[in-house]
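To keep things simple, chains are lettered A, B, C and D as they appear, and every chain counts its residues starting from 1.
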Amino acid sequence: MEVKLLSHTPEPERVVATAARLCYAPQAAEEVWTGFTPETQWEFINKLVDYGHLSPFEHVAFTFAITGVSRALSHQLVRHRIASYSQRSQRYVDEAAFPVVVPPTVAAEPAAREEFMRVINQIRDGYNRLTALGIPKEDARYLLPNACQTQLIMTMNARSLQHFFGLRCCRRAQWEIRELAWRIRREVIKVAPLLFRETGPACLVQGRCSEGAMTCGRPFTREDVDQEH
Amino acid sequence: MEVKLLSHTPEPERVVATAARLCYAPQAAEEVWTGFTPETQWEFINKLVDYGHLSPFEHVAFTFAITGVSRALSHQLVRHRIASYSQRSQRYVDEAAFPVVVPPTVAAEPAAREEFMRVINQIRDGYNRLTALGIPKEDARYLLPNACQTQLIMTMNARSLQHFFGLRCCRRAQWEIRELAWRIRREVIKVAPLLFRETGPACLVQGRCSEGAMTCGRPFTREDVDQEH
Amino acid sequence: MEVKLLSHTPEPERVVATAARLCYAPQAAEEVWTGFTPETQWEFINKLVDYGHLSPFEHVAFTFAITGVSRALSHQLVRHRIASYSQRSQRYVDEAAFPVVVPPTVAAEPAAREEFMRVINQIRDGYNRLTALGIPKEDARYLLPNACQTQLIMTMNARSLQHFFGLRCCRRAQWEIRELAWRIRREVIKVAPLLFRETGPACLVQGRCSEGAMTCGRPFTREDVDQEH
Amino acid sequence: MEVKLLSHTPEPERVVATAARLCYAPQAAEEVWTGFTPETQWEFINKLVDYGHLSPFEHVAFTFAITGVSRALSHQLVRHRIASYSQRSQRYVDEAAFPVVVPPTVAAEPAAREEFMRVINQIRDGYNRLTALGIPKEDARYLLPNACQTQLIMTMNARSLQHFFGLRCCRRAQWEIRELAWRIRREVIKVAPLLFRETGPACLVQGRCSEGAMTCGRPFTREDVDQEH
């Protein structure tokens, strides 16, 4: 898996602070925009987080190239509807030698890994025999497994990212999308620390588990985050 | 593939007509609601379609149980974001004997069909061996193919359905989602003919192809629709 | 203000329970749909709320006629983007004798009320003089006040309604939209008690205030809700 | 009215072209991203527009400060739901000396203009008398007219902007939001000409009017756009 931040709204913290302040300020937008210092930005964004006033976070967007992930992951990922996706098409791209994602539980167990790769090879052979028989790629791909690697360009705004982290950084989230969530979080913290410092799984951010009876029972602490991610 | 209309907003045509008329009417909502006859409804909805005033169509929603479709289809389907989905989870449901969707091009060609089913059986064996080795279902499923059947509950409003038909009833749409689109269209026409009579692929509805240089070159006529669907 | 539930997805609790169960059930959708008893529905929906699994609530929609509310309210209301609205147009409808919403603080104070109504009458006269001078309605309406009554048809699904109640049933919400939120809540509880019993302001539902330093300091209890609403 | 482009996704055309190409390309995202020349970008984006493949346009967002517009405009504007807004609040900001937008038909007719300003002054006096009587700003504002100026920060992606222009650049759109649409279009064309050159009202872009029987009868030509806007 590789996550690369391709592009993002410049000066994201200033944009969010300006949008938030505009709601309550008698000044003109222009003055609000030019009037912030790093200190007043910091203070203002902290207040927003404290008040749960999340809509100003929508004004900044982050665009990622996500590669080396499985179609199992991408099928889950695109369920996040407040985001934009462009994904490699299995209808049009030839998958004769498709690379795969191997789950850690499989990789850790030699017998399982061998079995897994044996089936993957059988699928590759099958796919290639079907296309050799004249079956169109878009139909031969019905054999392709969830493990098949895909790549996407994804754009998500900061509010939607906060929500995404709340659900997918959780220890109960599926391992691959959880890894993606933490990686994305690391990328956005580099360029907008104020906006994302306080983000993470619901147990950390809201102080309460959202998984009910299926809780993992190990709520994240700030130290866990610093050590593990 | 099976498409069953589980539930929908009652009196959908009256709801749409009321919403539309309310925008321009001096009367109270209550009066507009009770004031329609079937004839005035008909007339009013025809005007809406003519004016391209589509937002009133959002007020009625249709809920379907969709079964016997592939994960190739469902991955495309859930990209339609103005809709709600609940889908069988491969993390939690055992797929030891998963049924599959066989593409028509494969089914039509004995050598291809044999090859296809051979690989499907290898995948089933592999999945079962992995779970027997203690690999969790949520990881063993990385072997499962796009052909694996899934089921969903989907809710979409009439405006989003019109858009869906515009894209997916097109002859250039992938065959499985195209079949789904036409089946859904048949279901909703039964209960709300006024709202859906004029829907279909862009070539039919807007009189122009939206596929540019990739056009199929055979724009739908009203007769094609009546005969083929 | 009048709120009338015009229409809604029939058997809303069964639809939500079916959608939720389908995700984890080996049975076909049809069986899940027909297999619920009122008791198992109750149990299942309670689990959903406990797990914070909210997406199944999207499958049921509620359509309201809302009349006798101000344009101050409607401007706030339409900011809830996961919903559909059809609103009386001031461009097309003549507002020569527009009725108004009088805020309770104004109504309670004779001097304020008199002043308020005096200005409203001046506005009415101005609007009528402008149209008499040949100014189009769509421009004369630039004089019309926030207090001017409007009417809307609004459709919102149960998940979006839960979110709406979380924000707008709050004691810190603006009085008119707060009244609307509680009225809508009463209407939906009548037809879908299981889905909405546990809804309300964040302090009640999530056990924590979302207003930060602007908290009212009086978190709702279940008894407050029963007595006040 | 003033429209200032505060911020936008850097290199918007490269982002769109990369997202689009990724769907069909065998290369890795990184290579696609670095592989474009201005010429291949141009070619690729033209193809997208030709094919009606609009989703890649969602990956770039534009953030505007919009000032000196009326609340009549903002109430319409926020109905565009695929966008983010932060707007000056009349609950919190004192409007003792609110500036107004005067419709051109009113400004052009001395008797109308005099009448209009007379009523505006009566409203200002009324607002101030109410607050002097102890009425909270959030209730005194029920007197404030649609003409009252407001300011917003708005973020919209390029696909949503294209849709916005399609509806609001139309000669039948309300004059103030039409002026806003053309001004926004001028701003984005400066920074992303490839993405927006071909945008505009439906008559120009799709070659057909979307207003049905309410058509203005004067479809835009490319020359009209160049001369008028």
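We adopt the following convention: a contact is a pair of C-beta atoms (placed from the backbone, for glycine too) under 8 Å apart; a residue touches a chain by one contact, two chains touch by 3 or more.
What you are looking at is a predicted structure, and each value in this text was computed from that prediction instead of being measured.
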> Touching chain A and chain D alike: which chains?
Replying inline: B, C
> Between 0 and 180 degrees, and as a multiple of 5, what angle does the rotation take that fits chain A onto chain C by Cα atoms?
Replying inline: 180
>> Quick check: how many Å separate the C-alpha centres of chain B and chain D?
In response: 32
> What is the distance, in whole Å, between the centres of chain B and chain C, each centre taken as the mean of its C-alpha atoms?
Replying inline: 30
> On chain C, where are the residues touching two or more other chains?
Replying inline: 85
> In the complex formed with chain D, which residues of chain B make contact?
Replying inline: 47, 50-52, 202, 206-208, 210-214
> In their shared complex, at which residues does chain A touch chain D?
Replying inline: 4, 6-11, 15, 18-20, 22-26, 28-30, 33, 55-56, 58-61, 63, 65-67, 84-89, 92-94, 151-153, 155, 157
>> Can you tell me which positions in chain B touch chain A when the two form their complex?
In response: 70-72, 74-75, 78-79, 81, 85, 90-91, 100-106, 109, 111-112, 115-116, 118-120, 122-123, 125-126, 129-130, 133-136, 138-139, 141-147, 174
